[in-house]
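Next up: some structures, all given as structure tokens.
Both complexes below contain chain A, partnered by chain B and then by chain C.
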Partner chain A sequence: MRKMRVGVVSAYSVKYELRSEREAWELIREVVQGTLKSVDKGISGRDIDFVVISNFSDRFGGILHTAPYVISLIGQNSARGLRVENACASGGTALYVAWNLVRAGLAENVLVVGYEKMSYQPTSAEVNEVLAAAGHPDEIVIGAPFVSLYALIAKSYMDKYGATEEDLALVAVKNHENGLRNPLAAMRRKITVEDVLKSPYVSWPLKLYDSSLITDGAAGFIVSREPKKFTDTPVYVESVSLAHDTPGVFERPDITELKAIRHAAEEAFKISGLSVSDIDVLEVHDAFTISELITYEMLGLAKRGEGAKILKEGVTTFTGEKPVNPSGGLKSKGHPIGATGVGMVAELYWQLRGEAGDRQVRDAERGLMENHGGTGGTVVVAIFSR
Partner chain B sequence: MRKMRVGVVSAYSVKYELRSEREAWELIREVVQGTLKSVDKGISGRDIDFVVISNFSDRFGGILHTAPYVISLIGQNSARGLRVENACASGGTALYVAWNLVRAGLAENVLVVGYEKMSYQPTSAEVNEVLAAAGHPDEIVIGAPFVSLYALIAKSYMDKYGATEEDLALVAVKNHENGLRNPLAAMRRKITVEDVLKSPYVSWPLKLYDSSLITDGAAGFIVSREPKKFTDTPVYVESVSLAHDTPGVFERPDITELKAIRHAAEEAFKISGLSVSDIDVLEVHDAFTISELITYEMLGLAKRGEGAKILKEGVTTFTGEKPVNPSGGLKSKGHPIGATGVGMVAELYWQLRGEAGDRQVRDAERGLMENHGGTGGTVVVAIFSR
Partner chain C sequence: MVWKLITYTELYAPVPPYKSTFAIGVVEDEKGNRVIARIDRKYFGRLKSNMIGEVIDEWTAFGALKKFIPKEEVRTPKVALITGGSGGIGSAIAIELAKAGYAIALSDVVYNKDTEKTLEIVKSLGVDSMFVAIDVSNRESVEKGVSEVINKFGRIDVLINNAGITRDAYLQRMTPEDWDTVIKINLTGAFYCSRAVVPHMTRYGGGVVVNISSIVGLIGNVGQTNYAASKSGLIGITYTLAKELAPYGIRVVAIAPGFVKTRMALAVPKSILRDYLKRSPIPRLIEPEEVAKLVRHVVENEALNGVVIPIDLGLTISSPRA
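Up next is the complex of A and B:
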């Protein structure tokens, strides 16, 4: 079963925005139409036999049961559909499900739609209350928002490896610089290390500019069993791995690790027969600056404790050897939860087809995405090639 | 792939309650422990390699990202997991996913957990607002709750086939009588046709007693690739079908049909090689009394327009030829959304193993469940045999 080369044959994304004027179902509608229309050789709604929806919370949009809605939008009713949720890794989980549906012969062409309208909640306090529901029940009870949990991780990492607040700031600076080149990014604003350091602490040592954006957005893609029917230049899904860690930070022996990233990456490399040295471009889950640095280490891009070192050496910048988050990442492009992982697939689809415009990474043949939920309780790593 | 006989090897349910004193995660914890402990030959958490969660809304419980939580409860971290949602058919959808994971060789033993704590919302008006989010966006905009949409269906059915409010009442009376025999049922109270007719209209012609219960509950089961390893008397999953209709009632040419039920049933019968005449016991989705009558017709138990006729003839009563909802159904046992379809699997597991106590249907060898979401926008039909 593993030898079948499932291909991505289309991708689409709305521009992510801090506050969209449109309702969640309007974002969905644009994505459904846009994804179908973006197929090189054309596709009919009738060709879609499965729809997978990625959405985190109905408190971010007010709608549920959206699979039959999307099925009706494509003018189908013999297609099947469902929604999946795994916190911020819902989009990656949808890719995992779609890829396996095709590999298992349960579907020919799967349309994946991810969306989140976070501005449905009137204040950021209310947004954070919804987000906190993805934590361990005991963390929810004590009222710990994710920024505080990541702050514990950051402090522990800084103590153990001597990293500094400046090191964290460099992640934000890099991703904002990348976002300047991405017309889909929600916050296209150049920032300096000083800007980050001067921004207010949200949960020490993490500051406002260490944190990803609260955003509205939606994205979609289609995976196919016979990709060449729909395009001469599909992007192949080489592997998708889904792995988990304890949902609670307090349950982990070493909180400076996000070990489900390592487990998922090891499996994804094993299935694909590739290694990190084969990867030309990466989209990773920089929910907070600290998580991008630890992700470098878990993926094998850097040794333990040397995440900031490779960033300072320029390895992961736009023109470096392993550009990470050319889209601007969750930090500048935005983080509309259910859309995030789906948007990563879209970005890598464009990068590997050479269609990424000003943010095109040169000679990008293979890409990797890392999408995680909670504090790494769920992780999806996927590898793509052109 | 279709020839593999996937088996249910355990099932568990909390008693459904109108208002549980326990939090959602406490209900989940009881179900996880209870489902593991109920395996005849014993099972270890290590044997579970996939967890599928069924839950409708985080507004009914306040928690999300529960797959890694359940994985941690079973003392695992190499298992994978995700949550699925398809409105009131989330539980059936979880069965569809679990069955296919095993058939596709992606998992050996899948633990399915469904839960919903509807009393998390303080008033029934707020409960109904959450439920309404499962409708078509245009139905949500006009503020149509499901009882009004089902009232349109009921009125249209009554006009077309001459059915009466008394006919509808008989469904409620039957299911409440069945619920008297079920210690897991939330409302064990005998009611008469007169009680139903005297109850207040919620949305004419549907009354309070035509409506299923707002309930807290949770249930679980395990499906296995090698069921005999865990029990000498597994209940085999012969087929599971997932089908859809338009999400909006207004989009249908004939609203007296719930045609996705017919499509799902036809496919489930085809895959299993069985017909409705082979079925000994049924659990169906009596969200409102009208839906049970139409379901009889869609499943082929009755001709179109003759749902009430077969009920009055006693065909579907506890001692009839085709007992429907011996558990008491959504009407008396209760309807904790994400748990509902999972609880149907549990009920049929007990019925087909002869473990259903006072509500045991005699000589039950084959069972059918029908679980639907919205006004039938999603339907799951599954067939089981001992």
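Up next is the complex of A and C:
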């Protein structure tokens, strides 16, 4: 029997914004309509038999129970749907659920929609309070926002490997440079290492410019059991792996390791029969600059402690051997929690179809996404090919 | 049980529900058990990996949390910056805070004999001191001066916005220049100084800003439109910053003295001064040292925030309001 190849047949994203004038349900509506319209050979709402929604919190948009809303928008009353939440990895988790539903024969075509309207909260302090609920209970009780938890990781990493604040700044500079080429990015502004170093500390040693953006956004895609029915150039989902680590940073024997990334990547490579050397373009979870450096190491792009080294060598820049975050990443494109992983899928769909415009990575045939939640308590790694 | 600090961070952005800055550490006991613990912000800038300490449970309305208390505390002397510090109230405050053990950064627009005398007394009290030339009405001068203090002492824990002048005249005779000069020194100066100092206070876990206002800012005074406006303005700054900076551990208090025995008060025409003293339940001038003692109390009493404290021998309650 021929191996089933699940494929992405459409993707859509709103432009991410720091503060959208639109309500969450308006963002959802645009994405649903845009995703359906973007199918090359057309698709009817009736073709969608399952809907997976990715969203972190109703405190970021004031709406829950969105599956029936999306199903009503596509005009398909017999479809079923649900919402998934795995903190910042909700989008990746939605892909994981959709891919498995199709593989298991429980669905033919799944519409995935991710959204978050973070500006629903009046200030960044309140946003951080909402996000902090994704930590370990002991971290929640002491009042540790995520920037502090990543700062604990950064401090340990700097102590262990001698990395500097300048090394971290290079990640922000690269991703902002990439974001300049992306019309969907929330903050298209070139920044220098000096700008990063001069930005105020939020939780030492991490500064404002080490942090990703609080953003409003929504994105969607469709995965299909018979992708060729909808497009001649689908992007195949080679593998999706989901792994967990202890939720608390303090519980980990080596605080500098995000080991669920390594576990998810190993499994994703195993399922797909590919290795990191086969990957042409990557979208990874740069929630804070430190997380991108460690992600290089967990994925096998760099040896332990040498994340900054390969960045300085240009390996992960836009024109490098392994471009990471050509979209601008969470740092410049933005990080609307529920939409983030979904947007990564959309970006790789466009990259592998050669539709990424000014940010197109040349000859990109295979792409990898890494989307993590909390401080890496949940990680999704997926591999795509054209 | 002995606990060791494995790694830590200092959080400078107050986040609900605690709305406060603090440090967070991962600590480990002798058996290798690890917990995440809160560390008081007074240890900002003094934490080090591998520090030893104890872990206690602290009750909060949001849950019981672990608190790490370092044992080997690195002691750093606290620093007070006093503007207009050469003479009068400023000088008395410098001496009083030196008695309390503060290193003194004495600032004024010029260095004169009064400055020298004040610094001599401060030095005799066994604390570090420096003079820093600051024209509080000039932003660049303020920022440069604050940098000099930070370069020498590394921190500023107390800011006394004391620099002030008078240019008294009845409304029709008060020139726009008289207005501008008084507002720039007495009010804008406090804004510039607070703006330059607060980031350093935040960095080291908090501090105290004391604005030297005046009862004139509370009840007004004939011939002092500019001065009264500037001193009322300081009260507005006090109320606002007390709210805005509390999450960073910074308290802001205003002190409103009546007539203090300084050159400024003695420059008031004798007939007017006598008239005021007659109205006062205790008819004498306030000594600068009495104001300084109140400042010290404000600096030391951590419950005082966002208030205006008159020190006026009862003059305010006896003054006609119209």
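Methods note: the second predicted complex is superposed on the first by the 383 of 386 C-alpha atoms of A that agree within 3 Å, B and C clash if a C-alpha of one lies under 4 Å from a C-alpha of the other, contacts with A are read in each partner's own complex, and residues count from 1 in each chain.
Methods note: a residue touches a chain if its C-beta (ideal position, glycine included) is under 8 Å from a C-beta of that chain, and two chains touch if they have at least 3 such contacts.
Fair warning: this is a prediction, and the values are worked out from it, not measured in the lab.
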| item | value |
| --- | --- |
| Chain B versus chain C as contact partner of A:Leu82, first or second or both or neither | first |
| Partner chain in contact with A:Val171 - chain B first, chain C second, else both or neither | neither |
| Touching partner for A:Ala356 - first (chain B), second (chain C), both, neither | neither |
| Chain B versus chain C as contact partner of A:Leu36, first or second or both or neither | neither |
| Most chain A residues touched (candidates chain B, chain C) | B |
| Partner chain(s) touched by A:Ala151 [first = chain B, second = chain C, both, neither] | second |
| Partner chain(s) touched by A:Glu251 [first = chain B, second = chain C, both, neither] | both |
| Partner chain in contact with A:Val324 - chain B first, chain C second, else both or neither | neither |
| Which of chain B and chain C A:Ile294 touches, first, second, both or neither | neither |
| On chain A, the residue positions that both chain B and chain C contact, one per complex | 136, 140, 248, 251 |
| Contact set on chain C toward chain A in their complex | 6-20, 22, 24-26, 34-38, 49, 60, 62-66, 199, 203 |
| Chain A-touching residues of chain B, taken from the complex the two chains share | 1, 23, 25, 56-59, 62-65, 67-69, 71-72, 77-87, 93, 96-97, 100, 103-106, 130, 133-137, 140, 242-248, 251, 260, 263, 373-374, 377-378 |
| Interfacial residue positions of chain A with respect to chain C in the complex | 124-126, 128-129, 132, 136, 138-145, 147-148, 151-152, 155-156, 159, 200-206, 248-251, 255 |
